[in-house]
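Common to both upcoming complexes is chain A, partnered first by chain B, then by chain C.
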Partner chain A sequence: MRFYLLFSLLLLPGICWGKVHVFACEPEWASLTEQLAGDHATIFTATHAQQDPHHIEARPSLIAQMRKADMVVCTGADLEVGWLPLLIRRSGNAKVQTNKPGYFEAAMEVERLDIPESVDRSQGDVHSAGNPHVHLDPNRITTIAAALSKRLAAIDPDNQSAYIEQLKTFQAKWNEHVSKWQLKAKPLRGMKIVTHHKDWVYLNHWLGLQELATIEPKPGIPPSAKDQKRLLTELSANKPDAIVLAPYQNAKAANWLSQKLDAGIIKLPYTVGGDGQSQDLFNLFDRTIDLLLSAQRAIK
Partner chain B sequence: MLNCKRAGAAMLATFFASSFSHAQGYISGNEFNPSISLILDGRYAEYQDDFELPGFLLGPESGLPTKGFSLGHSELTISANVDDQFYGSTSIAIAEHDGSTEVELEEAYLETLGLGHGATVKFGRFLSHIGYLNNQHEHSWAFYDAPLIYTAMFGKTLYDDGIQGRWLAPTDLYLEFGVEVTRGDSFPGGENKGNEGKALFAKIGNDLGNNVSWQLGASAYSSQFDERSTESHGHGHEEEEHGAELHLMEGEVDITGVDAVFKWSPTGNARNQQLVFQAEYFQRDEDATAEFHEDVNSFVSDYQGEHKGYYAQAVYRFSPNWRTGIRYGEIEPKNQFEELESNGIDMDEFLEETELGSTEKTQRRSIMFEYNPSEFSRVRLQYNHRGWGENQDEVWVLQYNMSLGSHGAHSY
Partner chain C sequence: MSWQDLSLILPAFIAGIIVVASHIPLGREVVKRGIIFIDLAIAQIAGVGVIAAGLFDIESAIGTQLFAGGAALAGALLLIITEKKLGRFQEPLIGVLFVLAASLGLLMLANDPHGGESLKEMLSGQVLWVTSQHILLSAAVLLPTTALWLLLKNKFGEAAFYPLFAIAITASVQLVGVYLVFATLVIPALATIRAKRYPLLKGLTIGLLGYGIGLLVSLKWDLAASPIIVWCLASLSLLFAFVFSKAKQLNLQ
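Right after this comes the complex of A and B.
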């Protein structure tokens, strides 16, 4: 009898009190889920903005959280290939297996850029499903939000009407912001930037920024001294307006290049929590555009 | 042998050539095609004396790499979800043993995906989940060789055919329990009436803040055997030429162990900078009837062995490309042989000659330095210093270890 009591105590935390347990791989999807599910979900965020989502260890704590999840919301498109499949397999959780409604990959809901024609390791860490960093295009977020909301409703049908309602509220507010951002960011069109990794492709595409080069010679490959010199020569003729860096990226190469080229570094938040002001998806974009604009003003 | 080598090379070349490509889809490693990865491993080894562990009856794969240039395990792993219910994986190692090329099936298992409630069943041939290092593949170890205690207890690692059940508790704390029933005939077990291998394990782990994680484990393994023949026994090489053999009959082996891992990544990015500390302790009790035959001479005795040991290691990655580590390990034997009958052999002399009667500790200090041009390639220099009693020896190994093919996710 005592054993059963103990056993049921162990099981207690796993019983969700009517709330959907969401395992979000990255902070941007935690934020979006929060916007769409409100009080109907409890959300665990597996990574923070200072972490490189390509390289996360399948730690015991993440396995434990995956075990409890009703739903997984991740970027997908192979971004988390080094850790997510292992977590799911180790979880013993039928609800989040890849063929189940509880498994949601945001990037697969939208058109992806940079889909390579062939994949070979000599090209670096390329993703055959295309560039996975889709969250920096607000128009793609709109599409993903609709799909995610539908999925939440499928998993938690009792609250279906609430999800539909929340999506409407979110979309109205989001669309309003997107128009505002696009207007505000007009002067950024044609701004020349150098980035560390190919994780700004969707932002560039949306705002018309011109990416001259990446500091990494190939995706995921840290630059050698030789690579840096080659890049410097290449850029001397066509100087960038700014060098863009995400919080999780090593600033060493960027600093060197910045000094040599006399170009400023902009540390953009990249995701929710990337700096003090970027606490949700709305102020992530507010902040990103503000930082880019002030960098541009500084040049002129 | 040459043909064998050529076939191996051709096989490797085929997989070398087949660069992976896969359709767009969900993360699965490789959509409908299985993920294929190939590990290429080679060494240059420099040492004086052959490997021996006084006081231990050694299992397979306990020796040192061949002097000079040699290949380690070329390991091919193929894995995929079979369907929505099962995941399957197999690892085939091609290795050189005593001058001939051998193909070893290290793992070939299936694992359930859809049971739910934290339960998973694994069956087939697999690396046991006892200890911490045991179920990691060799190429993900931080040193080229297994700790002494693993060599002594399991003949490197314990893998066997059977079934495993695991249950993960639905708590914030990672808490996992598992049980395995296996054939029990791989070292340190032996031929038996069937499925005498039993293992139990429990693991607990969590994070401390954003950048620190830890895991503790406890495990036990036991097997009963009708017969275990040992590959070599101390200075047994010369005796083998005379047809000398030591067999353990009607025996029982019990192993218990604890393990601890602590990882700290200053920025939360393990790939850039990380300190990993790990330690494991095992003890083994075994008893059996020992039978020794040499030509027409023989003896029979009661055998009781008590063996224990541990290792502790610290590995620091100070940049994405560089890693260094130190390891200390110690093992201690205690064997008792009580003569039952003897036919032309002085058992005490035998024990002294083979060093099976030794109760001396063997200690080993290792240091390694590693360059990783990318996360898929590695060049490592390792130095081992071993001491037992008045004796000591040194081993230098320069190793490359490269991984081709799909991104393998590494377990914690």
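Right after this comes the complex of A and C.
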């Protein structure tokens, strides 16, 4: 009896071996991978919604997880350039080096906005590959999902048919939600917002929100006194409906502007886990649209 | 905890050994002279050098290092002069130099967020992510620098100390970050400053144990490594200082 018990304990890790270990840089990609891989993957998420994905602190678990990863699913387009290349190099894991199929950059699968014609330092923290915050456009998610599913199947060919099946299920449900969201969000077209950083570009593009200004004069650079003055004169003439803030951003500058202009601040979840209700990609968009709509109603 | 887990923190521990070995002798000097904040000032000035390299569009690692080292050496030169002319006010002057360098960095950063990232990295340090290449390079700078200081100390005094210190700090800050460099310099030196016998050996022991235990704690509870090592160094020093003083009392009786 004892022998069998020990024997079955030995088999236990064997069950896990069949799973694809995925290292997801941000919660949105962890959520998408979960939708597409289901039980065939175990997913580790490196950052949470309250963290700025541009910078993270080194912890031992990050290296440990990167070592055993079969696949890295990240935003890419230089968003994680401050830590991901270092971490991948440090892990020494051959499967996830940047030229291997185990390395997946979501942003590079879709057309990106704000690709600069030339990059120089005077423009601020500009990504030469364009704006990386692509996950807030559901149509781009559709494209990324197809590419990610294909990649999962290439890495785990034994379960290819399962991935195809899961993708179909996801796409059907997703498309249905996207049409629902688009219908519901129609009144938002033309809503005037001020943002902190250029991370809402894709949402604005999709919903037709009008971004009047960003509080940061250039990406990654805090405003100077002159910038603040310019912001105030511009926005006093053309008042925003709301100031939009992500959970990981400091509310100081937004509060200042909100007082000066007498405009409300909406904290949007920005990504999965950004607030209590946004637990996956579906209710992330549900919640974002609801919050924007109620902010709009509050003005009228 | 398996061997594989331990290999996660091994490079960080080797980096720690190098920093401890090179900084304990320097730290004694810093505490003896009462110029505690010199490392913060020098690191900040080296940071200004990194930003300046960015402004001149210098991308290569060596070019950046030359800028950082050059700036740090210039700062060291200034400190030799002030110590000669205004020795009594050396500590407040070092403080002033620190805020000047930090503010200059902010002014220069107004248009360069990439410099800002390198500066932030330099301050907080990511000891867990050091690679073997990084370790070898730093060892090649740090160990000879300290050896040179031990050789020249009696002959040249401060004329040798400030430049060598500037070089060492520029290298170590990039390896483990300012907080750890400060802690490694000052805390073990403070705990052993009254020790009559083997002060360096005692300092080295505290330093190595601090890094070792700190990294193990970081591994066990998945905490950011640098801050927890700082706390381990401080707790160990307190413990050692207490044990040393008790031992001394017993010897006297």
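Throughout what follows, the second predicted complex is superposed on the first by the 279 of 300 C-alpha atoms of A that agree within 3 Å, B and C clash if a C-alpha of one lies under 4 Å from a C-alpha of the other, contacts with A are read in each partner's own complex, and residues count from 1 in each chain.
Note that a residue touches a chain if its C-beta (ideal position, glycine included) is under 8 Å from a C-beta of that chain, and two chains touch if they have at least 3 such contacts.
Note that the structure is predicted; figures quoted are calculated from it, not measured.
When the two complexes are overlaid on chain A, chain B and chain C occupy overlapping space and clash. Within the superposed three-chain model, A:179 lies out of touch with both chain B and chain C [touch as defined at top]. In the superposed pair of complexes, A:86 makes contact with chain B and with chain C alike. When the shared chain is aligned, chain B and chain C each come close enough to touch A:61. When the two complexes are superposed, the chain touching more residues of chain A, out of chain B and chain C, is B.
Applying the stated contact rule after C-alpha superposition, one finds that A:78 touches chain B and leaves chain C untouched. In the superposition on chain A, A:219 contacts chain C only, with no contact to chain B.
Look at A:50: by the touch rule set out above, it reaches chain B but stays clear of chain C. For the superposition on chain A, the stretches of chain B under consideration are 109-117, 289-297, 343-351 or 397-405; the one running into chain C is 397-405.
Shared contact residues of chain A with chain B and chain C: 55, 57-61, 63-64, 67, 82-83, 86, 89-90, 121, 220-221. Chain C contributes residues 5, 8-9, 11, 54-55, 57, 109-114, 116-117, 120-121, 124, 126-131, 218-219, 222-225 to its touches with chain A in the complex.
Chain B meets chain A in the complex at residues 19-29, 81, 84, 87, 111, 113-120, 166-176, 203-207, 210, 213-215, 263, 265, 267-272, 320-321, 374-376, 404, 407, 409-412.
Partner chain C is touched in their complex by these residues of chain A: 55, 57-64, 67, 82-83, 86-87, 89-90, 121-122, 124-125, 218-221, 224. Considering their complex, residues 10-11, 13-14, 47-48, 50-52, 55-61, 63-65, 67-68, 74, 76-78, 80-86, 89-95, 97-99, 103, 105, 108, 112, 115, 118-121, 128-130, 220-222, 248, 250 of chain A touch chain B.
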